[in-house]
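Read through the structures below before going on.
Two complexes, one shared chain (chain A), two partners (chain B, chain C).
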Partner chain A sequence: MSSSLAEFPPLIKKDSVWRRIFRSRECYLLLVPTFLLLGIFNYYPAVSAIYHSFFSWNGANVQVFNGFQNFIDLFTDQDFLVSIVNVCKITVISILISISFPILAALLIYRLKADQAGYFYKVVYVIPMVVPTIVIFLIWKFIYSPMDGLLNTMLAAAGLKVFIHTWLGEYNTALYSILFINFPWVSGFQTLIFLAGLQNISISVIEAAILDGTGPVARFLKIELPLISAQIKLVVILAIINSVQGFVNILIMTNGGPGKSTMVPGLYLYRNAMQYGKMGYACAIGTFLFVVILTLTYLNLKYMKSNNDSMGA
Partner chain B sequence: MNRAIRHDLPIHFLLIILGIVTFYPFVFTFLTSFKSSYQISHNFWGLPWPFQPSNYRDAWKGISPYLLNSLIVTGGSVIGVLFVASLAAFVFARFTFPGREFLFLAIISLMMMPSILLLVPQFLLIKHLRLLNTRWALILPYIAGGQVFGIFVLRSFMASIPGELFDAGAMDGLSTFQSYRHIAVPMSVPILSTIAIMNILGTWNDYVWPLVTISKNQLWTISVGVMSFSMSTSSFETRGVMFAGYVIASLPLIILFFFTMKSFVKGISSGALKV
Partner chain C sequence: MKKALAILLAMLVAGALFAQSGTKTLRVYMQGLTPREKLESERVTPPSYLWTVAKAYQKLHPDITIEFVPEIRSNYEEWFMTQMAGGTAPDVVWYQRGYIQRDYKKNWLADLTGPLNEKNPYAPSYARWYDIFQQPAIESGRAPDGKIYMLTGDIVGTGIFYNKDLFKKAGITKEPDTWAEFMADCKKLKAIGVVPFSTSMSMEDGGVRLYGSWFTREIQDVLYNNAMDRIKGSKVERTWKPGEGLPTKVMVNAIVKGRYAATDPQFKDMLRVLKDFSQYWPDGFWAINTDSNQVYDYWAKGQAAMGWFGSWMTKTTMQDPLINFKWGVFKKFPTITKETSQFGGSEFPMMGGVGGVFQYAVPEFTKDRGTYAAAIDWLRYVTNPPTIVATLNDHGGFAPAVMDTKGAIDSLKVYTDMMAKNGTERIEPFDSMLTREFLDDFFSRVQVYLMGKTDLDSTAAGIQGSMMKAAKQLLQENPDWAEK
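Entry: the complex of A and B
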């Protein structure tokens, strides 16, 4: 029923559901493309992934139900356990990265008295984000390259030869080098989100604080930081989701090496599926990650304090 | 010096330092892309002189086919997303019908579905549909997934368009599809362009999906293509060509950025919500 028609008194008081469905047939017709695509490419694969995580499955002729065996195997699989430890480190560090420097950058821009200058920095900081992700990884791969890379050449030129490393090839440095990519991490959506949050704070609150003689640091800790807690919550959730399932950075920089020192669950899933043909096992990893993401998001929404519940950026 | 400038000065100083550290790798890439291998080894830090335009000629040969593929795939999926998403959002925003909220929820709940869960079954599905090594393997799933967030944003936007406009349209005898085409879509252009940019960034940067579905290098998109290009030019003699390739691979989005700065900034901030 069209909303414009709804304003006229209905001729028949009670319509059966079937009648209403029949009269809205045009609406359903216009939704067909959406649900056709979602049914084939999203709903079916999602159900299939969870369903097949209980099977030994090679994606073709071999498909044997084995209950929770895949999950039991996962937690006795040394490679997977290593990847869990790594992904925990990655998640914690990513959360710190995505709230520390971006908040600093957003705050600096926000504190500028000249508005045009603020807009200028905002736009300039966005520019690196248009460089394709893969190109950024490849540039950093060169930065870390052991013989003639930017970082080691720089260290040698500064007389700091002791600090030279095979950054991506050593057990102790590989994972942290990957996380260091894009330092100082200010060119990202996080800065934009925090800036939008700060700019939403009403002027009167800030003016009152200044009249009370609140210094710049106290103003940040007592007023601005609590008032962007909704944005912090959002950024933390996104950092968790991206760290738990992400693996493109690892795939390109180290492919999990050296040894298994940078292996993550996402990459392990990818290998099991694409190289070992263990589709059921890969689905079990996917299902596990799905549950982890859902749980962490739920806990975050429930227990992380925020001033309002709007998730708006 | 007036007070505002004096107040801002230390802030500018910090922001500029952050900017320099952020930009240095890109500036280095740009400068090195004009150097010969001799210049790279003897003049690692300095400006390139004389220029080596041949780097760009060689890199263009390697990179341009992938750029074209990415343009086709990205263009096709973005047009698809805009069409399908706006149509669905229009229905959800302007009409009441049985099951409306349930169907909407069924769409929105997909935003919580991590892409890693879908990877294996989607790959096998594409394989069974015999779409591996075709552009459809990329375009169709991109449209399916890309529309979800589009519908979410567009529905509330379209619901805020004054109902009188649609009533007037109905009086003039516009059909449902016509009022979508002539009222809802033109009124939503700003938000449509934000959604477009968000999806362009997503498809342009996607790496894993084209990697698993396309093995024919003639069909590779820029992400997969530039990766293989970098391996084939990584020897020291072709280092300059490699960097020129990186610059060329980045150009289309940089150009798009300079023409659509406002929607771009918006697209990036709202794109964050899409998982």
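Entry: the complex of A and C
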């Protein structure tokens, strides 16, 4: 009885991969447009950017191979180094914002006893997602306006003139004013992800905890929070990617100013490519950001335990 | 299946043949002259005359349809660069003449020298198309390689607009003659609780790149007045003719050889005068949103007593229902005398010159696209003197830079007179002197200095480092520019 199954030929002969693909050719054909578009608009530009990061390229007619020179220049470029410091601050704060307030909001909805109320709040949180991001930034730009902005007007009306600032125009407030946008940061995507995670927790686990006399806070910290760690992991990865890549908010709100106090790598990349004609250098910045995001995502996946990991899934 | 494919192929071939034999669409980007309907939110009638021109042109050329690309209000440079790199730019593009020195080697724009030396069939009384234009205007499109890449057909001017009612309230009885008087008037205006001068120094197109650029260029022309010959190595008269001052090539050499530096006492004095003036600007001037013309609105609402606006605002100020006060334009910029700076004493040049809304070029790739000849023909039609005068009259903010200005509106005469009398600044504007990278760095340093975050010496030293880097980069890219 020591012989293994491998010694016996399979009863049904397995088809080759190509044969199986051919048999399901209609399905694969339907996937072709998706992969084609992905290839053209996502993978080709990315590969092209890595390739061009080794060139001095003006985007028009000058393209000279210069090895690692763009990367060497990058790490001696003061503006780029300032942008790295800023993006580190943005990333840390964004992660904290992404996993704190939305979890709280999701938990409040989850704990609501009335289903109707839960549904109402879900809709309320989701509605702001349909407003284009650019509109939100422009509204906040008006709120922060130094002359007749809503925030300063309200502070003046409340007799708090001492707190009036040129919010987007001062070194100490510009970056944090941008991060403050969308306060209290509970609407939309992250809240829904956490809510889905909470709703996925087996009701028997919760009932058992309640029977054991677990209080609401302990229930959250010891049961619910660990069981939504997969969602937290996802939200952290997305927060890192958005923070490192993103610059639209800064482009619209401060354009990197005052001085260079809100400069971020994404905006610096954009400027080098679209304003300075230094496409090769911009590609090097993009390649560097790609490596950073990849590394942070890998570390996050490897070292941050999720409920699936702990359950051996 | 084969039958369906054959039908599809036949349809494609037929479509292509039909497209060949049908009308040709010429996409033109006419910037501020782009005709459009008035929006409900607008207080002033927008230009529309080019619709009439296009209609008349299409009647003459039934095979051509003129399509106006909507006006791009901000980040035009980025849009332009992307469109040129992708080969998707319109057949006629607006192009800032100052950038020609930076871009001519990229082979983006078609050489117009040949067509300009030919006769314009729409203006047969001129021997060549070139002769239609005032010489300084058309010559402003000439690149260092001797070729003309663009058409410049208008003149733009600026002036200090002031609220006469607020001046009266502050006890100011006449326009200031000197900078010291100007500062004293600002102090009086501040004392009555109004902002003396509306401006912006935000990092937006209408902030540092407009007002920052104007202030620095004007003040430095006065303070460097006695050093111009040294910078160039030969006599530099102040005229209104581009090319007679200190073009990029001269400035690059002057910087590398140390004849012009941000650490010069004149340059530092320029920054000092500007900083002193900034105390009379709105609070948070470095963050004022310029996208919605907040600088102008601040003045038009009577919250600020003065503002620096251009000839393109003439129609706006005349039609704007927001303005309910008497206003005027300073006859001249108040002179910086020795009382203000040891380098003072000469009059300010006029901020303006040739090239405003009417600066057009034809992309080189229109030759492959098959629209080059039509683009040239459209431009010949539009630059026929009566047509260009009528088009610019409709806009109301730019004077025509053609030889025959018959019929041009008089309201712009104040600017053209000021320009002819005082000339324009001689040192190449920072926008086009070096690189865009330098420009951004320069203005971010100026902004921080005006905010009081850095001192004068470190600001000047930082600008100098950036300036030298940009000049060396340009010399490396253009080795033929180097002084022998």
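What we mean here is this: the second predicted complex is superposed on the first by the 265 of 313 C-alpha atoms of A that agree within 3 Å, B and C clash if a C-alpha of one lies under 4 Å from a C-alpha of the other, contacts with A are read in each partner's own complex, and residues count from 1 in each chain.
In this text, a residue touches a chain if its C-beta (ideal position, glycine included) is under 8 Å from a C-beta of that chain, and two chains touch if they have at least 3 such contacts.
Everything numeric here is computed off the predicted structure, so don't read it as measured data.
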(request) Of the two partners chain B and chain C, indicate the one touching more residues belonging to chain A. (result) B
(message) Going by the contact rule set out at the top, does A:59 touch chain B (first), chain C (second), both, or neither?
(response) both
(message) With both complexes overlaid on chain A, does A:271 touch chain B (first), chain C (second), both or neither?
(response) second
(message) Quick check on the superposed pair: does A:168 touch chain B, chain C, both, or neither? Answer first, second, both or neither.
(response) second
(message) Contact-wise, after the overlay, does A:183 reach chain B, chain C, both or neither (first, second, both, neither)?
(response) first
(request) Identify the partner contact of A:260: answer first if only chain B is touched, second if only chain C is, both if each is, neither if none is. (result) second
(message) Once chain A of both complexes is superposed, is A:287 in touch with chain B (first), chain C (second), both, or neither?
(response) first
(request) Would you check which partner chain A:122 touches, where first means chain B only, second means chain C only, and both and neither mean what they say? (result) first
(request) Return the residues of chain A at which the contacts from chain B and from chain C coincide. (result) 59, 274
(request) Name, in rising order, each residue of chain A that touches chain B in their complex. (result) 1-4, 6, 17, 20-21, 24, 26-28, 30-31, 33-35, 37-38, 40-42, 44-46, 48-50, 52, 59, 101, 105, 108-109, 111-114, 117, 121-135, 138-140, 143, 148, 150, 153, 157, 182-184, 186-187, 189-190, 192-193, 196, 234, 238, 241-242, 244-245, 247-248, 251-252, 266, 269-270, 273-274, 279, 282-283, 286-287, 289-290, 293-294, 297, 311, 313
(request) Under the touch definition given earlier, write down the residues of chain C that touch chain A in their complex. (result) 77-78, 81-82, 84-85, 105-108, 202-204, 282-284, 286-289, 294, 298, 303, 435-437, 440-441, 444-445, 447-448, 451, 453
(message) Under the definition above, what is the set of chain B residues touching chain A in their complex?
(response) 4-5, 7-8, 11-12, 14-15, 18-19, 21-23, 25-26, 28-29, 41, 44-45, 84-85, 87-88, 90-91, 94-100, 103, 107, 110, 112-125, 127, 140-141, 143-145, 147-148, 151, 163, 166-167, 170, 176-177, 180, 201, 204-205, 207-208, 212, 222-223, 226-227, 230, 236, 246, 249-250, 253-254, 256-257, 261, 264-265, 268-273, 275
(message) With touch defined as at the start, can you tell me which chain A residues reach chain C in the complex?
(response) 58-61, 79, 141, 145-147, 166-171, 254-260, 271-272, 274-278
